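You will see chain A twice below: alongside chain B first, and alongside chain C after that.
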Partner chain A sequence: MSVLTRPKGLSGAAGPAAPAGRAKRMRTWTPYAFLAPYLALFAVFMVLPIGFGFWTSLHEWDINLPAKPFVGLENYTDLFDPSSVDGGRFWTAMRATGVFTLFSVPLLIVLPLLAALLMNGRFRGRNLYRAVYFAPYVLGVAVVGFLWRFLLDGNIGLVNHYLGLEVQWTTDVPPAWVALIGVTVWWTLGLNAVIFLAGLQDIPRELYEAAMVDGASAWRRFRAVTLPGLRPVTVFVINATILASANMFGQSYLITAGAPADQTKTAIYLIAETGLRQFDMGTASAMSFILAAFLMAASALVFGAFRDRSRR
Partner chain B sequence: MTSSFSRRSFLGLTGAAGLTAALAACGGGTKIGSGSSAPASAAPTFSGGEYTGPKVTLDYWNGFTGGDGPHMRAMVEAFNKEFSGRIEVRNVTRRWEDLYPAMPTAISAGKGPDVAVIHNDWVGTFAARQTLIPLDDVVGALELSDADFIPAVWNAGVLDGRRYSVPLDVHSLADYWNKKHLEKIGLSDAPTDKESYEKALVGLKDAGIATPFWMPNKWPAHLMFMSLLWQHGGELYSEDGAKALWGSEQGVQALSWMVEQIDKGFSPAKVAIDTQYAAFKNDKVSFTWDGIWQINDLKANAKSLEWGLSPVPNIGGTPAVWSASHNFVLTSQAGKDPNKVQAAKVFIDSMGRQSTEWAKAGMIPARNSARQDPAVADLPQVRMAQDVSIFHFLPALPGVGDVQSKALELAVAKAVLKESSPAEALKEGVATADKLLADNKRKYGR
Partner chain C sequence: MTRDTRGVRRALLHLVLAVVAALYLSPLVYMVSTSFKTREGAGSTDPQWIPDPFTADAYREILSSQDSPILTWFVNSLIAATGHAALVLVTAAPAAYALARLDFRGRTAIFTMVVATLFVPPVVLLIPNFLIVNELAWVDSLPAVIVPAAAGAFGVFFLRQFFLTLPEELEEAAELDGCNRWQIFTTVVLPLARPALVTLFLLAFLTNWNDFLWPIYVLLSPDSLTLPAGLGNFQGANNIRYDLLMAGAVIASLPVIALYLVAQRWVIEGISRSGLKG
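Coming up: the complex of A and B.
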């Protein structure tokens, strides 16, 4: 309501407050009062858990053991020591997460964009087509995982049977990566496509008409109108996809179970296993903080890359 | 306007206060685990017989999700009927691999089991975690004695001089075989030693079964490895639990034999999890080693398959096979209420007496005397237990489960998948295992 019409007196907060009327409403704590509801939620559900997680990571914190000795940064130094048990396992898992993210993100950007461009056209059965692309996304990860584990099995699976192949999709690398990335693309392509489609429909038709009047070819219109128009959507999609890919857990848990020999065991998989199966919350929290640092850096890079371009 | 603003700020503040209160409540909840070692000293000693306290409800957790589940449910229902109005047992069945991680946390939150069934190799870990409370008096009332049990099963329940578990059954790895396939090469039973087993595999291959014996890299690969290790005369862990011994020469021989089955073409390479069993059900595999608990699954879900069950063949020289046992335990959650402790002891006592009924679920009764009962003596799995000295068990070291999954199982998987040679995989695995064992010693303070 009146937030937009800020009284001028506010900037002179040090001066004597107006004795009465509207100006009196604005005190130094006014902005904090407006912030409070969100701040409370943010503090309760973000700041405190993160702080508690960090505190945990400084201890040898086993859920059920009464003694939780303070070990300082030992959990972290252990993870950075490749000869320690958890260090070796952790960096294998980080590598797995890296490989998966590196190869799945480009596919999960380009393919949904192409699908969205097709879906944006006018043709018969368009709604059916849109539904078909989105359909796998409504399945839960358990359904997707079990379905593909059996379809992809190297010795008794239908995929090898019908294609006449002898590829071990679930127990050998690199085929396991092809399988995991393929399944993930099939499963989540619809979501990114729908976001791109919404972005496409937001681009004003007049821009295309103007470009056509100027004699721009279809490719040129795509480069000069569609892509720039999609920029804000693309930043969002890339970031969300990187985070989603880096958090991959269900697919490798269900389809490969980390095979061969933990090479497809991702960081989140290992964190869940360490914290919730072996109850080693201290190490698991330390792992989470290192993973979070990597993800923040990746997000910063993406935002940085797109910001530079928009300043051109 | 002024009044509306202050009202809203007031609402915001109350909201924040409410959240803070909720948070404080949560904080209290997570702390319970730190001091949950309520001893059962308040409960009177159990001496068998009747339960006389007020009505209680017991939460009972187990992992009998397979063909054994219906038998356990029937036993619980019978118990509930008998004690109707006094003790009600709520049966919660979930997969073992979900049950173990959930149990300690659920118990410290007060939402776990009062009484549960767990495997012998977990008793030590859970007892050290103060998740369990001792049961010495139940064992006394049941008139159980070590003479009637396989020593390894009996001793697994003891930590620092106190007994934490009552054994229910024993189960082991077994050799399942396809009757029709073996008929092709003129066999009516599974071969029992290395020479004849390998000869049978060659014969089966010649008879048109391309890959008669699939070698898994995950479950039950580590159970096969341990069985073979013991057969060759090797040991898993040192007596004091400080050193892993499975990287020995015997270990290399055991693991090499597993890898050999792939090299000789009896198994396809890189078999995925559970595939060997699925292929056996679908008539593609002649031999597969799996737990005896699969008996009921094969009966129910592979009706057209003709199969036989034999002891695991003696490959290494001394007959030996991986085994485990199911054990009743009483949790520290029940320990907070003396009546629950009493009721749970009555329950364990009553279930322990039904071991013949339980044998029909595909298990081997843990008590030597129960195995001689004519009602069960002819069950195929019970016949396998004629010589119980071949049964070998994981030691009940606290934290041994972590060592197994982080080191031994990984080493077996690496060798079977040909990521490294058996000797290298075991060497690397043992180095990891020794570090973990040292960690566990410190962590569980023994």
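Coming up: the complex of A and C.
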């Protein structure tokens, strides 16, 4: 392998935009052969379903019935009519998703950022703490959901025991929201914290040193160096957290089962039940496109908000 | 700042982090503890951190249960997670390499389209992918939980970013030596990319092992379930047996905890860096 010992690390070697090297002795179909296996999957399970899902939403579509009549936008107009059965259920579920997202996202930004700041110094055991806070995230929602349903049990649960309460965390609102949000924070705080931590470590030390030389206080350094340095990471984390919170399913399914009276049944929970239990796939598809529109609007808002800031 | 106040601050920091860490792990400790209790012990209103009597009966009962064949679920989960992670690597790596290094018509268009799907809310795929999987006659079988999720763009995106950081000289040298693209890819690029490949494998494995929503709807009969889906069946049961459920939860957690302990750094670095290099 003498070829491998050529001088390495020449500057400019990793110019990310530069494609293949100059000497191209490559058959024209070679790149497509590299791409083919993935693109086959991509076409069948990503591109096709997006179109097919919309097509389904224009029909009265039951997997078990041979006739799937075209109904145009009727599934959508039905959902936008709050007095219809589907419309009523759907907006209750959208409200549940909205409540959960609205309250969980700020907590899942602020607390992980705080944890990341605490762990940002160079001290003994830093990696151990990081590993501990991240640990719940490697467990699946099935484990997390059942574990907390047990701990939150109104009669035998540890939470009530240690807090000296008799709250029905799994069947009453608002306690159920506190439970669902608290469990989610416990479960995913570490994820956002390690992303923030990586972002903090990418901020050049010289910026802090320069600020110190200028006599900036710790708070001032946080405002002038840390926060701007974290902006791209923060945009990413906010967006990813909104998406994750708006897709909350397992916690609600396992801890509250949507109780009381479907008030904690989230939109994706209702979509899955409507489409994959009652097989009303046209309505369920229409629901998923409306939810998706809301999510994309939320993402656009976040990107917009942060872009304006940087222009100022 | 004087040396003393710095020492006090450091001690305080450790105290806060350690107390929170202990609180953080305590639910998991209680899960393990409950799995070694009797039925009565698990249902008791007095919290017991060290089971008395201490018994493995819950494990014995759940492992021999006819209605919930947890060993079958375990094997199913293992096959599904391994198969899925392998499929992700085998398909994403060559595609990512082509998009990072090869020059061809449509490269930008294909890359843009693949990346754009990272912004498509996955909820729109749920119903149509069920219909497609149904057409393929995969409902209630493992391919349904192995294949469709491998179409996600994350693996391609993640590996492409890594390939772009590799020095090109090595590939050029191999090319001068008469290697074709495939040989360059397999003998030069893949060995260099081992850390990224391992990370991607771990992330894909963990995600698939823990997946819940899709398997509970697409797998139906008791023998074809994955572990989380099987546990999910206890939902809604009257008089939940928490001793059994916690034993099941421990069994479902063991492989991911073991992976995490062995490869913690790679998992965390992989996840924390994946979103940043965009």
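The rule is short, and it goes like this: the second predicted complex is superposed on the first by the 265 of 312 C-alpha atoms of A that agree within 3 Å, B and C clash if a C-alpha of one lies under 4 Å from a C-alpha of the other, contacts with A are read in each partner's own complex, and residues count from 1 in each chain.
The definition used in the following text is that a residue touches a chain if its C-beta (ideal position, glycine included) is under 8 Å from a C-beta of that chain, and two chains touch if they have at least 3 such contacts.
Everything numeric here is computed off the predicted structure, so don't read it as measured data.
J.: Look at A:I50 in the shared chain and tell me whether it touches chain B only, chain C only, both, or neither; answer first, second, both or neither.
T.: Only chain C is touched by A:I50; chain B is not.
J.: Identify the partner contact of A:V71: answer first if only chain B is touched, second if only chain C is, both if each is, neither if none is.
T.: neither
J.: What's your read, chain B or chain C touching more residues of chain A?
T.: C
J.: Classify the contacts of A:S285 with the two partner chains as first (chain B alone), second (chain C alone), both, or neither.
T.: So A:S285 only meets chain C here.
J.: Now for A:P37: first (chain B), second (chain C), both, or neither, which partner does it touch?
T.: both
J.: Looking at A:D172, would you say it contacts chain B, chain C, both, or neither? Reply first, second, both or neither.
T.: first
J.: Contacts for A:A257 in the overlay, against chain B (first) and chain C (second): which applies, first, second, both or neither?
T.: Touch status of A:A257: both partners.
J.: Could you look at A:Y129 and tell me whether it touches chain B, chain C, both or neither (first, second, both, neither)?
T.: Once the two structures are laid over each other on A, A:Y129 reaches chain C alone.
J.: Can A:I271 be said to touch chain B (first), chain C (second), both, or neither?
T.: Touch partner of A:I271: chain C, not chain B.
J.: Check whether A:W186 is in contact with chain B, with chain C, with both or with neither, and answer first, second, both or neither.
T.: second
J.: So which bits of chain A does chain B touch that chain C touches too?
T.: On chain A, the residues that contact chain B in one structure and chain C in the other are 24-25, 37, 41, 44, 48, 63, 149, 155-156, 257, 276-277.
J.: List the residues on chain A that touch chain B in their complex, please.
T.: Residues 2, 22, 24-25, 33, 36-37, 40-41, 44, 48, 60, 62-68, 84-85, 88-89, 149, 153-156, 168, 170-172, 257, 259-262, 276-279.
J.: Which residues of chain B touch chain A in their complex?
T.: 1-2, 5, 9, 12-13, 15-16, 19-20, 22-23, 33-37, 100-101, 104-105, 108, 129-131, 214, 217-218, 268-273, 275, 278-279, 282, 284, 402, 406, 410, 413-414, 417, 419, 432, 435-436, 439, 443-445
J.: Going by the contact rule at the top, pick out the chain C residues touching chain A in the complex.
T.: Those in contact with chain A are residues 10, 13-14, 16-17, 20-21, 24-25, 27-28, 30-31, 34, 43-47, 90-92, 94-95, 97-99, 101-104, 107, 110, 114, 117, 119-132, 134, 147-153, 156, 164-177, 180-182, 185, 206, 209-213, 217-218, 227-229, 231-232, 234-236, 240, 242, 245-246, 249, 252-253, 256-257, 259-260, 264-265, 267-269, 271-273, 275-276, 278.
J.: Which of the residues in chain A come into contact with chain C in the complex?
T.: Touch residues, chain A against chain C: 3-4, 6-10, 13-14, 16, 18-21, 23-26, 28, 30-32, 34-35, 37-39, 41-42, 44-50, 52-53, 56, 63, 118-119, 121, 123, 125, 127, 129-136, 138-143, 146-151, 155-156, 158, 161-162, 186, 191, 194-195, 197-199, 202, 232-233, 236-237, 240, 243, 246-247, 249-250, 253-254, 257, 267-268, 271-272, 275-277, 281, 284-285, 288-289, 291-292, 295-296, 299.
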